[in-house]
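What follows is a pair of complexes built around chain A, which joins chain B in one and chain C in the other.
Presenting the complex of A and B:
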């Protein structure tokens, strides 16, 4: 008893001298913005920084013994995967819906391609090859997030490093770093992906901003997506988990008002702050015009943004904005446009063997715009590069497409990667079209719902910004919606019919040939030789029947 | 005979000769006979032979580990009772006791030396001649198997987790001096046992780890208690992410649980409902849990320093030893070794025990593998499985020949571990699954429409040809005896006419 008392006193003393010697920090952030069309976009970002940590050097994979791993805020299960496969940088996004750049502008997190997208920067020169580790990390993440990332196999993996430069730094190991990228447009994000996602947060969904992540409301939103980003900066390894959604208050509002609050958007409030978060901020982007009221009173207003620090105060937070009048839908296009360029991509053609890919890019600016256009097509759709036609405002302009690089597809094995630079004259519309051939698949290659068609991954446009030293830096990526391609599908009940039919034909032919080969011809006399008539009609008939 | 001249006798046509027809029929059969093995090999599943007889022979064998002990002459009257006692409790030990005048010179092995009280030092046992030497030696050399111990694995992951039941209400332990605590309390154990296992260590902190049940409030209203039934459901695997499954190594969990302010202080109850003095409990083969109650000062975050972790980590180290099957030193024995809990007596007896267990388990696994392969016909056995089974057998063969190879205990354990790993790899090989998608019934359902309709004419033709050939021979014999030819010829004609119907059917 005395010992426990002593221990408690000791513990008390140590708790008074509250030391913060941890080298991990956690910050959470929420940005809420009202959109022109009355929708509200919320972007959660949970950032954990592991100070002074470096990604694992892949050369140490050769040793069986790994050093011990100690984490406090950094998720252990993710740390294990990153270490086991020595991944330098990793980005995983699972989104659903089509991000409408023209109406909503650029998203807070730029990776908004529909379906699952995974990319990693991996250093080579190890006993375990990059592709083996890429496969391993795919399967490990599939297990961690309950998503079918295992299908991001070599048939979907490309390496378009110009469009996806590393977001953080690459350690200086004198090793070649390679990019692996794969996307799967028909993967759907759902509750089973969000639950493991929330478990990676230090406060789970039990306190802090993550309390708002109510699956019923997230997956009800018009657009929703979750993302995981791991990158290395010189100060340490950073893990950023983010959830983005575009909800429509008008849909649930009875009065047709665009009012929103935490309670109306998420059906929850922030009741407790996450005690281990270094900062827990909410930023509300204020509407540019009109009469409105933001509640509660913001602690700080900077520019057009109102800031709240949820670590202040102990009452439940329910931040929101109210308008006195009903929402009027804007009938005109936004002026000036929200994005410098807008893109449409279509697959034309009615037949199941051929088609035409058409891209229409409109430059909304007064300046010439250069875009990096990336197309990663599964091998089932083959591009015919010689049929590329470029028109600028209906005038053929072959000179506006340059720097074409193309990695040929390998049927049943590798997708094609098509990358080029498009130059858009000021206020013009550029049309690029090329013919495609659709593959005839093997019987077993069809997915279970073959009649639905195949989802093609989104194309990616990256503006190239001219920088001072003549080279070009890369701007924010724009994802097009995915395409659906209709391939020739067989009648799946047919194989047995074919087998049975073929067997009958083969048996019939075999029987006939065999009969002809082994048949014995004899002369059968119908009449006895005594009353043999002179009439030739009564001559013996040549019987052909014989043994079989 | 005018007609005869207009119609050539069909039997005079070259392709109507009996011999050609027979050649044709025979060539069909030859082709079929040649094709059969080809068909068999292309449609059969790869089933390489497993060394079944060797496996069963090996599984009958029992390893007896020799153990030489030098006994001072003062104990010579107890030798037989000692030998019998050890053999009864551990039949895998073959104890040989040598009586010597002065065993303290006998360095390499165990020695029992006359002493005032029972104590051990290195591999020496000091024992008073009056005491029960048989019991002491049995508890040292063949301790009872601890069923809380995890199954043997060459590598374990030790996962340390600091769990705050509710990090948002009241105090939260934000971080801990885990590395120093592990260095002080765990490394002595892991390094001493490094001949048995490799260890990977990981740690994490969680701030929200709710319990799946409500701890019951004790009569005084301020204390909460965990009944023995609560302890069985204490782990809330749905909410606590204790360890990911990024590798196949078994994980031993060590959880430091900090109850929330609502449930403080939390005590473990004895079965009669009184609070137990211990705050730690062990879940067999899974890990250990220590409950750490924080004193109730105002809410704040705190950092657990090394002195705070002293008591929990002493519990963890005891739990680790128990989970690894490390035998406890009987309380009657005093140890003069610097590390009291890890004497060579215990390490050696654990080595022997683990070797023995590994052999039993690899015997079982090998036997199950070959039985399974022989019972299920549709199960492929590929070269990898075969080589793993052979490798496991080879390791066991080497192990049983320890005498000629002068193996140490460590090497014996290494061999047994290799045998075990290979045998379980073979057993759990993903290829060791019966072929579900192309069963034999399917195969025949596809083949019958083709083969049956082709085989019937072939068979009938062959039979008829054989019959007619035999008849011809008989007639030829008869013709030699009686010079008559006409009647048999007519007979053959009628038989041929009959065959028309047979033949017409399939077409």
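Presenting the complex of A and C:
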């Protein structure tokens, strides 16, 4: 009896300790917004803050024994990776689809480049070099998320620190921090990536907002992506897991209405709140015009946003918006782009050995705009910078491109990094074009579906905003869609034939040359045997001329 | 005998003809317009050649004009042009002292830069033709001396054949390489004051522009010590003087060459500011980082090569080039110019990034040795095979890369046939060069025994 009581007391105490653990906080958030074209974006954000934690100092990597890792809410498997490779800041996104900035505006989470994108800020000056740790972390994450992140190797790794400044802080260790960035546009996000992703959440998908993450619906959405962000702030280490999707209720609805609800979008409701979450909020961005009904009644309305706290109430939550009329696509009225600038990127040219890269940027504002343009090209496409031509509204303006920095590609080894600042006059269209050369690859370097072509990573545009202290701060990044480049392919079926043919020709010529070089020319008299030369090796032959 | 015009007239005529062709092509492709910025510089002609008749063959990555301009642009903007591990010699960066070649913005500098470009690619070709004539006059056997037809034909073959015109129109730096090499050979034949130093300096320069010229050093040294005159018919051992003096003279020439070569290396390093340019220029021609197709044999072989055998075969192909040097120099020690000619043919067929310029040089050199023509075994088949490959190469390259109806095998097959033509020409040249020696002896015999029937055979 006493033993049982003691056990219960211990159990109670431990649960109290767990629940009152003030070191770690978990918040979850969902923002839902109806878009102009009838689609709905949902942005889930699951934030875990580990208070007073600091990233591992890479100088301690020399000693094997790291401090013990005790986490309650913070995902252990992720924490282990971060500590083993002493990563200060980490961003991983896996997206599919093309984010339409003009019609959808800026996304809640700005990293919407297609495919896989991984970047990390890593402090140097350790016994294990930055590149070794970068390789380690991408392999570890590949294992954790079941994604082909191992292919983000040195052939895709760049360091464009101007476009990707650290989002959190960098600890003051007197160590140089370096950025490693890699993207792989052909990587597709799938259920197998979402399952390990959900395992990192304290409530998994059993309760709270994560209940809505139904893979059948997420991967059916027009645009979907998952992301992992780890950053350090003075108050602690923050891990943010997010899921973003753009669903099309018009496609699902039978009547052509843009009504949506948790049930219609995700085929699920929030049955119960996540008990360890400090807050669990849903924010519905209200439409700017028209007649609509938001249900259930919002607990709070601030500006154009309706808020719900899922920790209140015990019944299942099925939040949604209804319109009395059918959706009419706004064809008649003009649709000004929702972003300050719009970008188009194309690869021109019909041949497989050369082409032209063309970027068209339109400034939709009345103010001059400065953009940081980043291109991380795999070495298979070589840029010819001497052919850069800049036109503003069809007038040549070489002066609008400045601050060019360029890291040359190395064949079979390193991509090129091209960064420059573009200045866009008010309400103007800037065209940047340059010639490119497409490489010829070894036959083992081609992917299995070689004729399909290669996906080139998206270009990234970052607005430079003039700030008070004279320097420029970066605004929200804009990713262009990826490009497909058509490379010349060798014949994959005949390596043996080529080796045999070439070797035969070389051997034949080599043999013939040396055959002639080692021969001795002699005269043979055919019809006068009495005048036979003294050289005993010379014999009469009947053939006219023999070369063998 | 028909009177041929003198060779300066021939060179001038050919140059004017080529310039007219280039200018009319230029005008046709980019009609003069006020929008000078969009019709930028003479690249239209270069593009036309590189996409059309000279696709893949007019220039290799190591002689491509666009790559040269890119290096100049990067150098001009303070970016290391050798960061990519493949590039042209740093000596070309001296061209960036003429900013007009890099920057085309104002209209007047555009016209200037165009004229400057034409000048830069016409002068070396004019010099090449002149050097060829000089080599011929230094060599011509007395029986041919009276005829000036070859002195007229040489510049015409070199300047007006497609092998000369296409690299010129494509602004391939192979044009420069040929001019420097021909200069080295011409001065080696010349026996003017300081001819040895001039010749060695130019060969060192040529080695800097493209590493393959190293294998021409032994025959050039033989040429400097011997004479360019045709001795094919009267072979005799090289050692005219005492062995020791010859070795000492050859040694001092090698040392002089190395001195020039080191000086140029130092200059290059000073221009670039680091030593890594060596792996980007010389290393590139040894390790084949770019698989861009060319009329040679390497590109498809190493495209299709299994990864673990690649280093081995790179070594084999490089050593293969070196293996010809000693036997050919020994066998043709009595006529080093002929040895040089055969090695030029070997280079054009077997080097890692051959272009039309290399083939053009080998073909033009044939005109210098008219004495061997009667002894060629199969000149006509060789010519037909060459013609076959030369006509099919641009066609198949176009079908593969632009039209999309052929594949790599088509172009590979045509380059293979081209290599066969090169090989046939080299083998025939070796045969004829050795066969001619027996003729003198044969004639002597003939005089003694009238009406006797004879054959010449070879024995192992």
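Methods note: the second predicted complex is superposed on the first by the 473 of 548 C-alpha atoms of A that agree within 3 Å, B and C clash if a C-alpha of one lies under 4 Å from a C-alpha of the other, contacts with A are read in each partner's own complex, and residues count from 1 in each chain.
FYI, a residue touches a chain if its C-beta (ideal position, glycine included) is under 8 Å from a C-beta of that chain, and two chains touch if they have at least 3 such contacts.
Since the structure is predicted, the reported quantities are computational estimates derived from the model, not experimental observations.
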After the superposition on A, what does A:499 contact: first (chain B), second (chain C), both or neither? both
For A:365, is the partner it touches chain B (first), chain C (second), both, or none of the two (neither)? neither
Return first, second, both or neither, reflecting whether A:524 touches chain B, chain C, both chains, or no partner chain. both
Looking at the overlay, what does A:72 touch: chain B (first), chain C (second), both, or neither? first
Would you sort A:352 into first (chain B), second (chain C), both or neither based on which partner it touches? second
Pick one for A:159: touches chain B only (first), chain C only (second), both, or neither. neither
Does chain B (first) or chain C (second) touch A:510, or do both, or does neither? both
Look at A:81 in the shared chain and tell me whether it touches chain B only, chain C only, both, or neither; answer first, second, both or neither. first
Does chain B (first) or chain C (second) touch A:275, or do both, or does neither? first
Chain A residues contacting chain B in one complex and chain C in the other 499, 502, 506, 508, 510, 512, 514, 517-518, 520-524, 545-547
For the complex, give me every residue of chain C touching chain A. 37-38, 40, 43, 50-51, 55-56, 66, 69-70, 72-74, 77, 79-81, 83-86, 102, 105, 289-293, 297, 299-307, 320, 323-324, 327-328, 331, 349-350, 377, 400-402, 404, 407-409, 412, 416, 419-420, 422-423, 426-427, 430-431, 434-435, 437-438, 441-442, 445, 449, 452-460
Help me check something: in the complex, which residues belonging to chain B touch chain A? 3, 6-7, 9-11, 13, 16, 21, 24-25, 28, 166-169, 171-172, 174-175, 178-179, 182, 198, 200-208, 210, 239, 241, 243-247, 293-295, 297, 300-305, 307-308, 310-311, 446, 449-450, 453-454, 457-458, 460-461, 464-465, 493, 496-497, 499-500, 502-503, 506-507
In the complex formed with chain C, which residues of chain A make contact? 350-354, 379, 382, 384-387, 389, 396, 398, 404, 406-413, 416, 435, 437, 439-444, 488-491, 494-495, 498-499, 501-502, 505-506, 508-510, 512-514, 516-528, 531, 537-538, 541, 544-547
Contact set on chain A toward chain B in their complex: 7-8, 10-12, 14-16, 18-22, 64-66, 68-73, 75-77, 80-81, 84, 140, 143-144, 199, 202-204, 206-208, 272-276, 499-500, 502-504, 506-508, 510-512, 514-515, 517-518, 520-524, 539-540, 542-543, 545-548
